[in-house]
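There are two complexes below, and they share chain A, which is joined by chain B in the first and by chain C in the second.
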Partner chain A sequence: MTEMSHIDRVMAALTNEPGDRLPVYPIACGVNRRFVNGGISYRDWAHDPKLYAQAFIEGQKVFDYDFAIGLMDLSVMAGDLGAHVRMDEQNTPFVDQHIVNSVEDYEKFEVPDITKGRSAVLLEGTKLYCDALKNQVITSGFIEGPLLALSQSAGAERLFMDMFTNPSAVHRALKVMTDYDIEMVKGFAKTGCAGLCWDYLWGNYSCLGDAEYEEFEGCKKYAIGLNELTIKEGMAVAIHNCADLPHLDTQIKKFAPAIYSMAYYPLIPGSPSASSVIEGGYTDKTLVGGQVDPQLFIRAPAEKVTQVVKDLCQEVKTALCKRGLNSPKYCIASGCEVPPDTHTKTENIKAFVDAGKQYGKMNA
Partner chain B sequence: MKVSQIAGFLGSGKTTAVMKIVDELMKRGHKVAIVVNDVGEINVDAKFIESHGLKAKEIAGGCICCQIAGTFSETLAKLHDSYNPEIVIVEPSGVAIPWGLKRAAEYSEAKADMVIEHAPVITLVDAMRIDLLMKAVKRLVETQIREADVCFVNKVDTASPAAIAKTEGLIKEMNPRVEIAHMSSETGQGIDYACDLIVNRISPRYDEAVEEELLKKQYKG
Partner chain C sequence: MSKEEILNKLSEAVVAGKPNLAEEGAKEALAQKVDPLEAINAGLVKGMSIVGDKYAARQVYLPQVLMSAKTMYSGLDLLLPAIPKAAMADVKRCATAVVEGDVHDIGKNIVKTMLTAGGFVVIDMGKDVPIQKIVDDAKSEKLDALALSTLMTPTMDGMKAALDGLIESGYRKNVKVCIGGAPTSPEFAKEIGADHRDANAQECVAWLKEVF
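Take a look at the complex of A and B:
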C-alpha cells in the first residue's frame, strides 16, 4: 500500500478501513517546549497561548507525529478553581495547596470564568495549534474529567474517603466540575480541534470498583453526558487513562470513544497488555493507543526504544491479524505523556517515531 | 543512600509516626531527610522540621509513570548532592504506589553518584478505623498492604483487642508474607522497632530484571 497522509491513516483506523501502517504518537506535549526559541520554561509555556501552540507546531516539524494532542498539565482546572499551583521553571506544575479542608468546602466551588486564567490559555493555545496543524494531522484538545478536577482540588485521599462518608457533598462538587467541563467543551468546540481527549484517570480498579466508578464518574450525569456533549459539539471523543488496572469495559465498551490511550504495567497482575486488549475486542470499534513505558524516553538508549517499539508493533499486528482486523486499529504510543523533564532524550522520541513508521507497516 | 517509605491512608497516624521515627533516628546519630507529597501535612510540622535542622522536600503531584518519577528522582539526587543524608524517609500519599516510588528512587542513581538501598516498605494501618477503611477505600488500602514488607497496626493504645485482631487478620489475608507489628504513634510504642527495621533491614530493589523477563516472554524472546 502506498504511503498515506497522517490524516488518512488515522481516519482509516477510525473507520475500520485498511491503512498503510499503525499510527504513531508518543504523547509528546510539554517536551516540545524545548524546540521553542531554543527552549523555554514550563512556566512560560503553560501561561502563554502562543508559546503553548508553537511547541506543538515545532514538535510536529521535528518528529512528524500522526496526531497533535494538547495536554498542558493536570492542574489547569484546579488552579482556576482556586487551588494553589506550584510553578517550577522546568517541572510539570502541580497543586501544592488543596482547597477542601472540611466537608463544607465542597459546597464552595463555583465555575470559574473560562475566558481568564489558564483555562483561557489552554483554549486559545489549542485554537492556535489546531489552526496551524489541522491540515496535517488529527488535532485534539485535552481536558480533565470532573472526578480528576475535583481530586486535584480536594486531594485524592480526602476525596476518596469523602466519597464514602459524605457522598452528597462530593456529588454537589462534581456537579460544579461537570458544569465547568461543559463550559470547557463548548470552548474547545470553537478551537477547531477534531477531537477532545478526556482524562478519566480514576477509572482504575486499584482505586475504585465498578459500582463506585459508576456512581462518581461513569454515569450519564457525569462522563456519559460529557461524552455525548463532546460529540454534539462536533468533536470525536478520546479518553486517556494511564492507570494500572483500567476500567476497560466501562471506558471502551460503554463510553465507546473513538480513541483510547492506555498504559501497561508488566509487574502488576492483571494489567492489560496490548495483545490482551486486542484479543478482548476492545479495538474492534475503538482506536487504542499505548503502551510504551514513558520512562524509556529518559533512561534507555535509542536502540532500546527502537527494539521496544519493534516488539510492540509485532505484538499488535499479530493480535490484530488473529482478531481478523486488517485496519491499523492500534496506535503505537507511550502509555502516558513523554516526560516533560529536561532529561528526556529527544533522540529517543525520534527513534520511537522512526521505529513505529518502519515496523508498523501493515504488510510487513 | 537508604530510602524508607512509610505509607498509610489519610488519618492512619502516618505524619505523627514519621516525625517520631525521624526524631529517634536523629537521636541515634543518623543523618535524615524527609520527602513528603502532601505539603499541607508538612506545613503543620514546619516548626519540628526547622527545630531539628531537617531537610524536607516534596514529591510533585502528577502521574507516577511520567511526572513523579522524574521529579522524585531529581529530588533524591539533589538531596544527595546538597545534604548527603544516610536515610531519606518518604511519606507518600495514600494513593501512591510503593513499587512506583521504589523504581523512581532508583532512577536517581543516574543523576548523582550514589547507590539507592530500600528500607522495608512500612504501611501503617489504623486499627480504630479498619471497618471504615475497608468500606471506603478498600482497593487503595489493599494496594498499600500488598506492597508492604512490614505492616504496623497503629493506634493499638486505643483500639480494642478485637479490632486489633481483626486488623491483623485482614492484613494477613491481603498479604500472607508480610510481617505484622504494633504501633502507637501517640505513645511511641513501636517507634524503636520501626527505626531498627529502617536501619538494619533491606527491601529488594524494584525488579527490572523480572520486568524484562516478563516482556521477553510476551514478545517471545
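Take a look at the complex of A and C:
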C-alpha cells in the first residue's frame, strides 16, 4: 500500500478501513517546549498560549507525529478552582495545597471564568496549534474528567474517604466540576480540534470498583453526559487512562470512544497487555493506543527504544491478524506522557517514531 | 464486655471503617486492663489484615481501605501510649516517604498502614520530602528500614540521591531501603542501589518481615 498522509491513516483506523501502517504517537507534549526559542521553562509554556501552541508546532516539525494532542498538565482546572499550584521551572506543575479541608468545603466550589486563568491559556493555545496543524494531523484538546478535577482540588485520599462517608457532599462538588467541564467542552469546540481527550484516571480497579466508578463518574450525569456533549459539539471522544488496571469494559465498551490511550504495567498482575486488549475485542470499534513505558525516553539507549517499538508492532499486528482486523486499529504510543523534564532524550522520541513507521507497516 | 468481645469489636470496627467504634473499643480495652499490644494485634491489626486481603482480592477498593486505615489509627492513638516502652524495644523502626517534588501519597499511606499492621513502628515523613531530611532522619530516628515512593518519572532521581546520601552519611549499612511507585522497577532498584522494589504494600511488608 502506498504511504498515506497522517490524517488519512488515522481516519482509516477510525473507520475500520485498511491503512498503510499503525499510527504512531508518543504522547509528547511538555517535552516539545524544548524546541521553542531554544528551550523555555514549563512555567512560561503553561502560561502563554502562543508558546504553548508553538511547542506542538515545533514538535511536529521535528518528529512528524500522527496526532497533535494538547496535554498541558493535570492541575489546570484545580488551579482555576482556587487550589495552589506549584510551578517548578522544568517539572510538571502540581497542586501542593488542596482546598477541601472539611465536608463543608465541597459546597464552596464555583465554576471559574474560563476566559481567565490557565483554562483560557489552554483553550487559546489549543486553537492556535489546531489552526496551524489541522491540515497535517488529527488534532485534539485534552481535558480532566470531573472526578480527576475534584481529586486534584480536594486531595485524592480525602475525596476517597468522603465518597464513603459523605457521598452527597461529593456529588454536589462533582456537579460543579461537570458544569465546569461543560463550559470547557463548549470552549474546545470553538478551537477547531477534531477530538477531545478526556482523562478519566480513576476508572481503575486499584482504586475503585465498578459500583463506585459508576456512581461517581461513569454515569449519565457525569462522564456519559460529557461524552455525548463532546460529540454534539462536533468533536470525537478520546479517553486517556494511564492507570494500572483500567475499567476497559466501562471506558471502551460502554463509553465507546473513538480513541483510547492506556498504559501497561507488566509487574502488576492483571494489567492488560496490547495483545490481550486486542484479543478482548477492545479494538474492534475503538482505536486503542499504548503501551510503551515512558521511562525508556529517559533511561534507555535509542537502540532499546527501537527494539521495544519493533516488538510491540509485531505483537500488535499478530494480534490484529488473529482477531481478523485488517485496519490499523492500534496506535503505537507511550502508556503515559513522555516525561517532560530536561533529562528526556529527544533522540529516543525520534527512535520511537522512526521505528513505528518502519515496523508498523501493515504488510511487513 | 469480655476480652473476646472487645477484640472482636476492634476488628469489626476496622473492617467496617468506623473510627468511633474503634475508639470505643480501645477505651473499653484499657478500662478492662486488656494488654494493649494484644488489643492492637488481635483486634485492630486482625481487622486491617482482613481488609488487606479483601483489597488484594478486589472485594473492596480504596475508599474502604482508607476508611479502615483511619479507623485503625483511631484505635492505635489510644492504645499505643499504653504499651510499656520495654515491650517496644525490639520492634523494628521503619519510615515512609514520598520523595521531593512529588505529592502523590496514597500508595505511601497504604504502605504505612500495612507496615503498622505488620508490627513495625512507622515514622511517616510525608510527601514532597527533601532528600537531606530523609538522610538526616534515617540516622537520627535510628531507622531499620526506609520505604521510598514516587509516582512521577522526574522525581525518581531523588531516590538515588537519598541512597547516595545514606552512603555518604555512613548510615546505609544500618538501614534496608525499599522503593515503590508505578514508574519504578526491580531494575531501577538495582541501578540505584536499593535493596528491593515492592509491587504493592503487602509485598513491602512481606519482604521486610523476611529480611528481619
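Just so it is clear, the second predicted complex is superposed on the first by the 364 of 364 C-alpha atoms of A that agree within 3 Å, B and C clash if a C-alpha of one lies under 4 Å from a C-alpha of the other, contacts with A are read in each partner's own complex, and residues count from 1 in each chain.
Keep this in mind: a residue touches a chain if its C-beta (ideal position, glycine included) is under 8 Å from a C-beta of that chain, and two chains touch if they have at least 3 such contacts.
Keep in mind it's a predicted model, so treat the numbers as computed, not measured.
**Q** Clash or fit: what happens to chain B and chain C when chain A is overlaid?
**A** After superposition on chain A, which the two structures share, chain B runs into chain C.
**Q** Does the superposition put A:91 against chain B (first), chain C (second), both, or neither?
**A** Touch status of A:91: both partners.
**Q** Does chain B (first) or chain C (second) touch A:131, or do both, or does neither?
**A** The answer is neither, since A:131 touches no partner chain.
**Q** Classify the contacts of A:294 with the two partner chains as first (chain B alone), second (chain C alone), both, or neither.
**A** After superposition on chain A, A:294 lies in contact with both partners, chain B and chain C.
**Q** For A:164 in the superposed arrangement: first (chain B), second (chain C), both or neither?
**A** both
**Q** Going by the contact rule set out at the top, does A:314 touch chain B (first), chain C (second), both, or neither?
**A** A:314 sits against chain B, while chain C stays out of touch.
**Q** Which partner chains sit in contact with A:75 here, chain B, chain C, both or neither? Use first/second/both/neither.
**A** The answer is first: A:75 touches chain B but not chain C.
**Q** Have a look at where A:244 lands relative to chain B and chain C in the superposition and call it first, second, both or neither.
**A** both
**Q** In the superposed model, does chain B or chain C contact more residues of chain A?
**A** The larger set of chain A residues in touch belongs to B.
**Q** Tell me which partner A:275 touches in the superposition: chain B (first), chain C (second), both or neither.
**A** first
**Q** Determine, under the contact definition given at the top, whether A:206 touches first (chain B), second (chain C), both, or neither.
**A** Both: A:206 reaches chain B and chain C.
**Q** Of the residues on chain A, which ones does chain B touch that chain C also touches?
**A** Correct list for chain A: 88, 91-92, 94-96, 156-157, 160-161, 163-165, 205-209, 244, 267, 294-295, 298-299, 339-341, 343.
**Q** Along chain C, where are the residues that touch chain A in the complex?
**A** 17, 58, 60-64, 66-67, 70, 101-106, 109, 128, 152-155, 157, 182-183, 185-186, 188, 199
**Q** Can you list the chain B residues touching chain A in their complex?
**A** 9-11, 38-40, 58, 60-63, 65-67, 69-71, 74, 93-95, 97, 99, 103, 107, 110-111, 132, 135-140, 143, 207, 210-211, 214-215, 218-219
**Q** Contact residues on chain A for chain B in the complex?
**A** 73-75, 86, 88, 91-92, 94-98, 152, 155-158, 160-161, 163-165, 205-209, 242, 244, 263, 266-267, 273, 275, 293-295, 298-299, 311, 314-315, 334-341, 343
**Q** Per the contact definition, I'd like the list of chain A residues that touch chain C in the complex.
**A** On the chain A side, the touching residues are 88, 90-92, 94-96, 156-157, 160-161, 163-165, 205-209, 212, 244, 265, 267-268, 294-295, 298-299, 339-341, 343.
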